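Here it is: the structure, laid out below.
Letters A, B, C, D and E mark the chains in the order given here, with residues in each chain numbered from 1 onward.
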């Protein structure tokens, strides 16, 4: 049988990949958004695994809402991204450092 | 009744000073000097009344407080008067000389812009001096002590446009402050051990002090020495004498009043007043005596090489103050007071005479440019002669008695070093005679070296100048004869001065030897001092009139000695280099290096800058790159996670392999 | 399962403020579509009106007994109601100021107000949220509205950059928060605060449970710290403050802070209060770091908004110190502090906005040179605000710091208090910089104030309140304490 | 190794591998495709956990809508080619170290001691007639009706936000201006452009 | 409202009123300000006339609940320690308002208002009997001073103002922490309750140093004095006057009101350190003052040196007396109760006297600065030629600064030296060096500025003081002289309170 621990470790790994993806990636911002999605999927996996092993649906319900939020978030994220592109002509991460210090 | 008299004595000059000071310009010159002279005149008359009451009629000692200056617990510090015979004598001397100087000023300062101000100052001085001598406690003594110092400061710098004058007054004040430093500590010790500042209470509780020690010496010795430091400052004893010659920058009347007759003798007065304390410490007395002897001898020597008429008199004052101090040292307090009194008259006289010359010479003070003034200024000449004779102790004149008594007193003293001191004071007689007559001859005798222009206008001074000369010449000549007996041996000062006759036998011996004033004169020719004096006069005659080239030869041959004398033994240079410049350098060092550098720049602004520096180091972490921010967050997550899991008081996990 | 669920429509009354606000949002959204250009102000007034009514509704609920509805995911207690009232008040003031800014910079659109109202709705959800899920949803409603509000100045690349940074980092923070929530859920088996609290305060908690709760706590604390803008999760704060349109900066720095504190209270105090010993150490470090970094880095700023960002970080540190104490009065002190901070922050940004005009943001410290000469009254107001922020009596900023320090010291953390006050002194330096500009320097440029009367009036009252509440802080202290 | 485990490890492998591929991908479009792959793997694992509904949602909504949106934006902005120069300089090793340590620590916490089968036993599989959808739906419309409403608000917000931000012109309505249409001139509508022959610069 | 409340709030409200009148109507503002300050002064005199000097208990007490949660009260009252300082405050305020009459042409009303408000706040400091009320006034009084230096100051005013503020702010936050600590221990913010609060030795040590930082900065003591020269030099004349005359006294007051009664054992333990710092201040700062080229800086340093006497006088008592086991005071190496009282009361007198003298000295410099706009000593020389009346005043105040008997400057120094001597003769020896050094720096400055030949042609054209300046300086001269000639009224007024304080300081809390 697959233990809860296995699921949790899997999601931990995915979670960390998502986190690392955000700062090792310097090409473009859209990949940052994807990394965020990855993080959320990892969290969702956590919830579902707990839900399964606890025999309690609350976790699944939570995931349902996380998916909703993630979709809304993507919409707004992409909108901002588009605006950035319009303003700067690029979405390279390196150009977004006019605010600093 | 008497209380009001005492009060009037003190306040009359103060009133005059206030009126002259604040309304002088309104009232005009005549009104001003009239009022101030009247004020002092009142004091003088009343001082004579007081003298009569206390000294002649043996009135009871008056000791009473006027008002409470400060009351702390059981400690009462008041303003009050102690009037006994010592005070009475001082009152007379001070008021009389002051009165003369007031009158003299009318003529002397005639052309000066600060005429009214000057009167205000000297009246204020008179008041301060009265407060000093009439004080019944240490606080008020210090009060008067400093007040006379203040007026002295103002008057030395009276001609404030002269750089030398304002330098001299600063120097005078600060050197006096060095003395006061010791004086105040002495007062503090007195308070601390007797619990009071009142003279009488202190004197009665002296037995508490005896036997205690401080700094490895008897407490009483320490106290006396500290008090004497104050006296050294005010009475210009070596090495605190440096201010007095400089004080000659002031107008001559105040040189006479303050820097010869009265203020500088405050130290002598104070030590006499403290005689019950000084009597308890042989060490202190020895120090007093030795310091006095050094001053008497070496300051006299300096008089020889001076060419400024006032400076010569000033050094003679120093020397005479030394004599008085020597007298104090050998417990001959009454002799010191006696010399103080005679000195006040003849030295004031000499100064005023010098002033008369100076006025006539249009403020030329160099005796090398005078000569043959005898004919032009007869009154000045004769009065100056009396003064000079009194100064050198020519038999019969006032100074003769007092100085002779001092020399004899030293002779009888059993203190250590008394023999050396004896030789010193004897030598001093020669020196005094020499420089006094050198000056006298150079000014009044010989060929005139006066420049042509001045020569034409040379004439005797106005009556307001000559009157005081005459008025002072009389006591200078005769006062010694009349007062030596009652003052020294018939108990005029007995209720103020206490001598431990068993230990310090000078006075007893003196009284045994003394057979009347007239006898002293006749006896004089058999004494060493007399011949020393004659030798001095003769030497002065030879070198200044008869064979002046010998003087030059001596100067050349003993150029080292001459140099030492002309440079005043280097005291001024020493002070300049060590104290003035040294302290300035120290101050600058402390200010720039320690205060502005270490504390302000490094510690204060440095820590401010450090904060700013940290800020500027931390700030670039905020690079503006979102992946840096993310990394920072995740790195922080790592740290926190590690900390929570493995650190803390009870780690949640322990690593097992 | 169906039988176990009872739904009482009457219980909806306790959620009336939220319901009303949501309805108004929809109405305003629709109405705005049909308003021609000249009538855009109507949106503004409607917004103010709905905020006012929501506030009144919330006010009327104060004193109600604690009520849990919607399957224990919504709580009505005094803290919720009072916080809502304050949020409405602050939002109304913020809207007064915003209107001037938006008009000056041609950003006046209906959407702006709708988004603000939506974000406020999100905050209300957070304040009343009593399950991890509602808290999360409220937080997301708030965050997404804020991202949009920042980016609403579409032609300003700095605003877009700020929005993007906030978005990316906010998403990471949400992810971390969710991860923590999943752990709490996983170990306690529930997402309701009330159950979690029951679970965590069980005295028989095993070491496994403790470990997992604390593991989750790390992520929760990070998520909350991010929302509050505490070090080391503060990096978004300066950039967002600087880049955003000033009216949005003002909004971000005020009302959402109350909501963040509310979320903190719900999760860490109401839910995991029994684990206080575990999270307080973490909090203390974060708080001190915030105070220190906020104070020190702000010294170097020339942009006033950026400077306020760091100052906010520092203030948040003080708020968190209140929670370190672990006692009810400490939480009360933190609440008092955050409310005082909102008051001060509003006034500070109010002055900035007051000076705004087309093409002039008044966001450099040097822009304030000579203000005291030109406009002594508002310079005085700014002076009051700055001194209050620096913690100088008799202004409210002092009493809030005092309250916190008192709690920290009585909890035994004297050293912490000393560190905090030392940095408070350092932070005084940069507040003094503004005073310096206003009072000690002469104007380099002509300053004209074009703001409407209502804004001037509200701003004056706002600043005077800083003094008045400072002089009579007793009521507000007791109010803050009564919420716990 | 049971069948469950085999499935789990296979899907896990794909999940992790495609996630890694996604973050290291130099091409945004490819990254999206890798992400889709990892979503599929995730969905498979969720099915192992009997969360059929969510797994399907993940595929339908996420892959079907959200990922397409990503692709759409990438293509619209034409940014898949423009950022070919992927730079992982410097940070990559540090980042990996941090990641590995965090994973190690999480593994320590989440490992068998806490969540092993002996601690948390796997529940029995549901019967065949178990409907995940029904169960969720029952809860969603009763206990979780409040979050459900909030989700609606959230979506409304997303709509407003997206439109507000991306809409090109003023958000105010477009109206027909008849007078403008009537008075239009040819020169307003047609622009004559002199075209120079393209040089060989865009080869 | 009772008298004390009126004294606090009337100036503050008056200041607000003056602000409302505005800079455009400067004349009205000026007259109103001077009227208010005179009224306040006259009112404050009744503090003295109605004062019961036989008791150490607080008088004119008022108490009202303020922040009831912490039991913080609006509790004010005066005893012998605070009463003279309050009168000094009201007195000085009149002077600075008159002194700024023609000189301040920029934002006149604000200037006057700042001083009025500060007056109220400082009276609040001196009369607060609640620690938080005290702290509120204490800190709030920084604000007007900050503005006064910053707005009306010299070229480097910004640096000076900010340095002043931060320095003193840093000092006082430590005070706040310790006050709160004591509240947590004793449950009361009442200062009088704190006096009776029992504290362990370690607690006392911490609290003592926290107090020390706050008060030492204010006094200021070496080595935390460096804000003062900057602040003084840059401040306008009125600012310098208030700073020197009153604000420094707040530090000294703190030692009286807080350090000694609250932490007697720590005070005993660290008295030697404090005394060492005081003596350094007296001697070291004296030397530093000597070489100053800027008149204001010189006076500023001399202020530091003079304030050293205050702390010396306060802490000397621990080497004079101690409390025996039976509760009777016994003396250490022969000291007497009078000696300790001399130190303490001398410190009080020194504070008051320094209030007059430093005010006068700064006004004197201000008079010159108004004319030639230079504070450099070298600019001047021979001022007496063109300004004889003024020189008279200047010399008088310089003499007072040098501690000449008959002026108030003497009384405090005299008492403290005599007191310190009973503690340890070396203290007195070092302290007494001020007789020399103090005279040296003051009179050397006088010499270079007032005496001597005129070197700068501008000096010849100076006008002597006008009626306004004459009036101000005369008042101060009278104050200096009366205090110097007859200090007993002051001493009598403070005696009971000081005696009580002495008991408190000697009674161990351990």
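For this structure, a couple of remarks:
The rule is short, and it goes like this: a contact is a pair of C-beta atoms (placed from the backbone, for glycine too) under 8 Å apart; a residue touches a chain by one contact, two chains touch by 3 or more.
Just so it is clear, the structure is predicted and the values come from calculations on it, not from any experiment.
In summary, the chains found to touch both subunit B and subunit E are C. Among the remaining chains, the Cα-based centre furthest from that of subunit D is the centre of B.
Interface comparison, C-D against A-D: more C-beta pairs in contact at A-D. Chain E has the C-alpha centroid lying closest to the overall centroid of all protein C-alpha atoms shown.
Averaged C-alpha coordinates give centres for subunit B and subunit C that are 78 Å from one another. Averaged Cα coordinates give subunit A a centre that lies 26 Å from the centre of subunit C.
Per-chain Cα centroids separate subunit B from subunit D by 102 Å. In terms of their C-alpha centroids, the spacing between subunit C and subunit E amounts to 44 Å.
Multi-chain contact residues of subunit A (touching two or more other chains): 8, 15, 18-20, 22-26, 29, 32-33, 49, 58, 61, 65, 69, 72-73, 76, 79-81, 83, 96, 98-101. Contact of a single residue of subunit D with at least two other chains is seen at positions 91, 95, 98, 102, 106, 109, 114, 144, 147, 151, 154, 157-158, 161, 165. Across the assembly, subunit E contributes residues 166 that each touch 2 or more other chains. This structure has the following touching chain pairs: A-B, A-C, A-D, B-C, B-D, B-E, C-D, C-E. Residues of subunit C touching subunit A in their complex: 132-133, 136-137, 140, 144, 147-148, 151, 154-158, 160-165, 167-168, 171-172, 175, 178-179, 181-183, 185-186, 189-191, 238-239, 242-243, 300-301, 306.
Listed in rising order, the residues of subunit E touching subunit C in the complex are 66-70, 107, 110, 132, 135-137, 139-140, 142-143, 146-147, 150-151, 157-158, 161-162, 165-166, 169-170, 173-174, 176-177, 180-181, 183-184, 206. Those residues of subunit B that touch subunit E in the complex are listed here as 67-75, 139, 142-143, 145-147, 150, 153-154, 157, 160-163, 165-167, 169-170, 173-174, 177-178, 180-181, 184-185, 187-189, 191-193, 195, 214-215, 583-584, 586-588, 590-591, 594-596, 599-600, 603-604, 608.
Across the interface of their complex, subunit C is touched by residues 608, 611-612, 614-616, 618-619, 622, 624, 626, 628-630, 632-634, 636-637, 640-641, 643-645, 648, 652-653 of subunit B. For subunit A in complex with subunit B, the residues that touch the partner chain are 19-20, 22-26, 29, 32, 93-94, 96-101.
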